[in-house]
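The same chain A turns up in both complexes below, where it pairs with chain B and then with chain C.
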Partner chain A sequence: MSGRLDRIGLLAVPALGFLAVVYALPLAMLLAKSVQGPDGFSLAEYRAFFADEYNLRVLFRTLRVAALTTALAFVIAYPTAFAMSRAKGIWLTVFLVALVLPMSLGVVVKAFAWSILFRANGVLNSALMGLGLTERPVRMLFTETALVVGAANVFLPFMVLPIYSVIRQLDARLPEAAASLGATPWFRFTRVTLPLTLPGVVAGSAFVFSLAVSMYVIPSLIVGERQQNLSMLIARSFLFLRNEALGSTLAAILLAIAIAVVLGSGWAAARLGARR
Partner chain B sequence: MTRADRLALALSWAMGFACIAFLMLPIVITVVVSFTDSPVYTLPPPGWSLRWYAEAATRQGLWDAVLLSLNLALASTLASLVLGTLAAIAVARGQFRGREAIATFAVSPLMMPGLVVGVALLQFFRDIGLRDAYWSLLLGHVVITLPFVMRTLLAAMNAFDFSLIDAARTLGLSYPKSILKVMIPNLAPAYLTGGLFAFLASMDNYPISIFLTDARNKTLPIKMLQYLEEQPDPSLAAMSTGLILLAILVLAFGARTVGLNRMIQG
Partner chain C sequence: MAGMTSAAPGRHYLDVWGVAKSFRGTRVMSGMNFRMDRGELVSLLGPSGCGKTTLLRIIAGLMEADEGDVVLGGRNITRLPAHRRNISVVFQNYALFPHLTVAENVAFGLRARGTAKSACAGPVEEALRLVRMDAFATRPVSALSGGQQQRVAVARALVVQPDLLLLDEPFSALDRKLRETMQVELKALLRDRGITAIFVTHDQEEAMGVSDRIAVMNAGRIEQFADPSTLYARPATPFVMDFVGLSMRLGGRVVESGGQTCIVETAHGRISAPGGFAPGTAVQVGVRPELVAPGTGENTIRVELADAMVLGSKTVLHGAAQEGDRLICEMPGIRTGLARGDAVDLGWSVADTLIHEAAA
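Up next, the complex of A and B:
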């Protein structure tokens, strides 16, 4: 029996072999290259990166935009997932279509659509002026706010779906039991509902944050070169500057952030699982 | 239900409707702009016409990119379905240690920065002397699609009753045959979901592809961004509207065969 099951384990070999060679090995080589100086191990590239104030601003901006995007997506997604869990029939269909259909519109076209909307002579400004909210057009395109709104729009489904699948499985009797024991609505939400849905929130936030921290197309179209993020800097150093040493270092830093998010969310998920 | 509950529910619904509008906004903009008669993107359009549809039909470069992207998406999704099925069976049925780690590893490319994976692949392929752009792109796209397939198939197989396989084997089917004839048809929704998300991820990938293309092999997102920079006319919106229509057909098919909720939740 155990021979049979061990042989079943061998079925994982093709996929693992593939990922080891075409994914893990190249990333490991990239990391190795970033700490390789002319004579052996060297952190010179990293020291140079962190000594440059411009780079630090880019790093900080990248993290801030990713955090704001995640926060905005969460604020929209959480109540939406709740409404979805109560929706039936045609309304559930509308929710699901709204989440999946935008994925068929490529991120390039989606980001461009947002840039049309944010233009100074665009509909959004005409609407604001029509409502008398502003006298002159507000500058929206090329701002961080526009970027966060556009990014949250693109990544929103990845926040809604994990939260929805947790809420859907939530035992509706638990908050009711809390209510019958005299818990106030606020207490019920913060002590019963929110903790039970936290695994979905952690999964969605980790996913959206890791997408937002490494986005390239969306900022290129909405804010442009003047407010670069790490990905744009990486693309620039490889495709235009041909500076591979700098590019590899930047890539290694972004990789480290992504790995930290994966490990951090895995740790949080394990703790949440253990507490239940 | 207390008054606070009703208020919270009403607010959730209000946010839900706002969210639907927010999500659909880029689609609405694209479709509206595609029917403009102006050569630039202006909203609302000064007049209406179908000229950009006629124009889009003549853009040979764009259609070559569409074909290449469809080719890559189909081939990489199929390869991922095969690799993913085998690996997911191993994780779901195997008794060895480290199965959790295998699952995490196979899904991890989803959360790695695409540009970094692209750079790493570029340098790796150069080091091993792989110069062919199509094969580089295909290998890179399997890295993108495999996690989507693995995630859905793992979830589905953990819920699948493998005693059905044992039953099929008692009735004389070989192990591979029983997987093909019993398990895969039973898990059809998961295959459809995983396959669809993998396909879309490949179609829409920019950051990995940008490092692996050459002048003759440009995928659709790369060609589109290049177009927007060089001659931003609404023919791109017309073509995107066509792709949206295609997606609606696929969703309608999925909804009829397995149900939308089951399809999206896996």
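Up next, the complex of A and C:
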């Protein structure tokens, strides 16, 4: 029995080797730098980081933008996933293509497309002013709102697809059973449909949050240097400040957040699944 | 039709009136009328795809009929959504909520009606005791066997004191022995509590054992609606004769008609049957196999045995028959000395002979 398992286990060797060389090893070297003082092990870099109010603002902003992006993506994705689960034939294809195709467009193209929409003399502002809703152009580009909207747009498929796959497996008779027991549509949704689709929501949220907390290109293009997030700070530390210790400290913090998200969602999924 | 109660609409507890339903342009039900009284246990019996579930869902409000009305207790509920009908459904796969415990499942209907959590405990416990599942209250439903899940589903449906209980093949997932136990239990439970229930099944023995009356359905219509004994002894159509119980079956043509009886020419000779069919009519004659005996009778046919099966409590003789006919005779107890290839006479009385116009 174990011989058989071992041989199948061998199939994972290429992936493990690949990950070890290009991922684990450099990461370990990077993290080692963050705890390396002039004379051996030291947490000075971390102390310095958390003592600086600017750094804390960046950290807090990064988490806030990631949370808002996740929330917005959820609000848009949940009904979309339901619509998809009802769609048949050509409509399902349309939905899937509409979700997947923009991913191949790349963030850069999208960001420039948004700027046409959001800039001072852009489509939205022209419309607002034309309607007399505002006299001066509203500042949209370079705001956190624009960043959240843009990020949610890019990461939407990562929220829709896990929720969609859970909804597709949902037994349609369960809401019906609830209805025949006297449950109003709202009660059915909050007590049956939502709890049973939560595993998909957890998975999708973990994806989107991880992506949003570490994004670099989207904020660089939409808000630029004036509102930095963790990834931008890391890049600056390495590229401009040449401060590898700071950079690796920031990387370690980002990694800790990612690990927390993975563990948290794993725990949530296990808790949701435990009763089944 | 025999046994069909005909009365003005509205006089009955449940009155389904002129219901029609199509799926993507295909009509699966039209002009469906179905009535029952309070406290009655009625079965919908029919082959797969005949529209039993469709009718049940229309009554429950889980599906909208294209035409027709549903009146329950004098109130027209046709346009009422399912959650305001007070009609409970036990689904074929039970449809228990997988994220809730046994007790939470049973409490669901009460909670949905706004009952406080604390006030649910009593009724939930009573309902679980009723189905002998009180020891499992805190278990997750996934940890239950099929029979236990079925009991929980019944408790969940009953705890809200529904005006009508609908059961869609509630036993079909259980093995035969458990199914028979559950049938007896459920029937007693519904009787004791005076619950009006409709019970869907395609097992004719189950329908006969459980219900006061049976509506035999075929292709979106009710062929006959009667109590089990009438259904068996006086099937109104060839379909009912075939679907409810076994029977000897012979196709033929009426050759002589004498008012009360007529004579039918079949592949096995002439048979007399009660009924005034005109000469030339294509008919199907039949007789229940336990009413047939070896030897001559008022009607006698000579058959060549295809098989003689000794089953213990009875012995069944099968005759070699042409396409569409069935020759069968059942005798109580063990009979030996008959073998394949023997020629035997089978006889029965004219009064026991069933005759229907052949389906076009």
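Details
Here, the second predicted complex is superposed on the first by the 272 of 276 C-alpha atoms of A that agree within 3 Å, B and C clash if a C-alpha of one lies under 4 Å from a C-alpha of the other, contacts with A are read in each partner's own complex, and residues count from 1 in each chain.
Convention: a residue touches a chain if its C-beta (ideal position, glycine included) is under 8 Å from a C-beta of that chain, and two chains touch if they have at least 3 such contacts.
Note that this is a predicted model, so its numbers are computed, not measured.
In the superposition on chain A, A:272 makes contact with chain C only, while chain B stays out of contact range.
When the two structures are aligned on the shared chain, A:63 is found in touch with neither chain B nor chain C. Of the two partner chains placed by the overlay, chain B and chain C both lie in contact with A:179. Contacts of A:245 after superposition: neither chain B nor chain C is touched.
Counted by residues of chain A touched, the larger count belongs to B, out of chain B and chain C. By the touch criterion defined above, A:123 reaches chain B but does not reach chain C. Judged by the touch definition given at the top, the superposed model places A:187 against chain C, while chain B stays out of reach. Chain A residues 179, 185 lie at the interface with chain B in one structure and with chain C in the other.
Only residues 60-62, 81-89, 91, 93, 95-101, 108-109, 111-113, 140, 142, 156-157, 160, 166 of chain C touch chain A when the two sit together in their complex.
Of all residues in chain B, those touching chain A in their complex are 2, 4-5, 8-9, 11-16, 18-20, 22-27, 29-30, 33, 41-44, 83-84, 86-87, 89-91, 93-96, 102, 104-106, 108-117, 119-124, 127, 139-140, 142-143, 146, 150, 197, 200, 203-204, 206-207, 210-211, 220-221, 224-225, 228, 236-237, 240, 243-244, 246-248, 251, 255, 260-261, 264-265.
Interface of chain A with chain C (complex): residues 171, 173-174, 176-185, 187-188, 191-192, 195-196, 272, 275-276.
Residues 2, 5-6, 8-12, 14-16, 18-19, 22-27, 29-30, 33, 76-77, 79-80, 82-84, 86-87, 92-110, 112-114, 116-117, 121-123, 153, 156-157, 160-161, 165, 168, 179, 185, 189, 206-207, 210, 213-214, 216-217, 220-221, 231, 234-235, 238-239, 244, 247-248, 251-252, 254-255, 257-258, 261-262, 266 of chain A are the ones touching chain B in the complex.
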